[in-house]
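Next, two complexes with chain A in common: one pairs it with chain B, the other with chain C.
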Partner chain A sequence: MLFFSYFKDLVGREVTVELKNDLAIRGTLHSVDQYLNIKLENTRVVDQDKYPHMLSVRNCFIRGSVVRYVQLPPEGVDVDLLHDATRREARGG
Partner chain B sequence: MVLGLRQFIERTGDGAGVPVLDADNGEEMMHVQPGVSFVLGNRSPETPGTLYISTKKVVWLSDVDRTKGYAVDFLSLSLHAVSRDPEAYPSPCIYTQIEVEDDEHESEESDSESSEVLELSRITEMRLVPSDPGQLDTLFDVFCECAELNPEPVDEDDEEGHNWIISADQMAGENGGLAEADFPFFANPSNSIGHSNGHQDLAGSVLQLQIDDDRFEDAEEMDHDKDISHR
Partner chain C sequence: MSWAAPDDVFLSTSLASYLDKKLLVLLRDGRKLMGILRSFDQFANVVLEGACERLIVGDLYCDIPLGLYVIRGENVVLIGELDLEKEELPSNMTRVSTEEIRRAQRAERDATDLKGTMRKRMEFLDFD
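Right after this comes the complex of A and B.
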């Protein structure tokens, strides 16, 4: 739940979603749900050679289970806030 | 669960028919889109056909050949998107990526039929081209809705393993959620371990304790008597 809330706060920002099949898509975070399914807008593929077809895509829905990493905008990362929140989560509160 | 694309020919009804759904497991039809071409990877389009979107899977059936059809579970759809750039693909379409099994059985191709099945299961890109591009946004939204209906299945072993862990929420929130039936020794004290086995022992111990006490008291009294007799 922590990351769901956190990603919701990042809606509207630029992120790069790296999939388990090595495809990396950069775009504006449009929405995220409890399964961490991610919708991106204004997308572009980082490695265009591997998936040339994705060039044509401007928005997409990514299944949460195939996401390997989400690269965050540095200004969207409040380390202290996350530190506290993860601690609270670990305590079960 | 098997990942990837597969052939699908289970149809009911006359003419082109409709796909057979797994109604016993709650599968329902969400959307039917006639006039959709089907493109696998870099192959040429197959047409004409009808797209069926159920709560579990995407099915495309040929309108003219009852033996031709494909299905992919939402669990295998990694990504879907609307593609409108004519330079990337001539027709606006729904573009999808399909998760496939790890490729470790490449040498197992024996006859032509199984190699076709194998090839299907390795396809990682699928395009659905509606004759009416105005339907693309609707299709995209239906895909999103159905994808959210299909989260990763929870491992059954995991789920069973969790039965004995009682969270604070369960204790507080589910009144009667932990029924007494789950704990027979609450509901029926005579069956509890302490009573059926230990009742006798417990009584015996208490008796023993009393005897010991008596003996202790006696000894004291005797000392007391002795003291008196000395005086």
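Right after this comes the complex of A and C.
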């Protein structure tokens, strides 16, 4: 549940989601669920010319299983906090 | 992604906020299906009414009507809400008939195959 909580804290931030089919989508993180399915708002595709069918997609749901990376804003990553939370979780607390 | 109270629906990752809307569903094999979302579950299995497949080759496109589709969730990559205000495709793209798009697909495939054989011949010559 660590990364689920982590992504929940990032809601409202601008992120880029790169999918396993190389499609990269930038948008505002609207919500996440336990499967790390992601909903984005105000999306735009990074390489728009290559994916013309995505032109009129403003909001989208991405299945967690097809995500390769989520690129975060640098200020969205608190490594120390994540490190502590990992140790806490490993201890079972 | 569970059934939530109506107020929560728009805040959660649930697909409920997309019900009865026209959507674009991207599948793992690269297919693009469009239709109206009528049902879904926690695996992102979805039911599309009035589904059609959009074939795109270069700047040609064609919509092939399919009817009512149940899509197994594991094949779903992305479900996008289509903004009806915006143009669905860039203005330079033209709609063509099924026969024409099939011909364009064949031409594209032949071109790729040719490129492959050319490369193989070059490898045989073993430059560098």
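Everything below uses one rule, namely that the second predicted complex is superposed on the first by the 93 of 93 C-alpha atoms of A that agree within 3 Å, B and C clash if a C-alpha of one lies under 4 Å from a C-alpha of the other, contacts with A are read in each partner's own complex, and residues count from 1 in each chain.
What we mean here is this: a contact is a pair of C-beta atoms (placed from the backbone, for glycine too) under 8 Å apart; a residue touches a chain by one contact, two chains touch by 3 or more.
Since the model is a prediction, treat every value here as computed from it, not as a measurement.
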Chain B versus chain C on the shared chain A, clash or fit?
-> clash
Could you say whether A:Arg63 touches chain B, chain C, both of them, or neither, answering first, second, both or neither?
-> both
Where does A:Asp33 make contact in the superposed view: on chain B (first), on chain C (second), on both, or on neither?
-> both
In the superposed arrangement, does A:Asn21 touch chain B (first), chain C (second), both or neither?
-> both
Between 95-103, 113-121 or 221-229, which chain B stretch has C-alpha clashes with chain C?
-> 95-103
Indicate the residue numbers of chain A shared between its chain B interface and its chain C interface, in ascending order.
-> 19, 21, 23, 33, 35, 37, 39, 43, 52-63, 65-66
In their shared complex, at which residues does chain A touch chain B?
-> 19, 21, 23, 33, 35, 37, 39, 43, 52-66, 92
Spell out the residues on chain C that touch chain A in their complex, using ranges where they run on.
-> 1, 11-13, 15, 18, 24, 26, 28, 30, 32, 44, 54, 56, 73-74, 76-84, 86-90, 93
Within the complex, which stretch of chain B touches chain A?
-> 77-85, 87-89, 95, 97, 99, 124-125, 140, 143-144, 147-148, 151-152, 168
Note: in the complex, chain A contacts chain C through residues 19, 21, 23, 25, 30-35, 37-39, 43, 52-63, 65-66
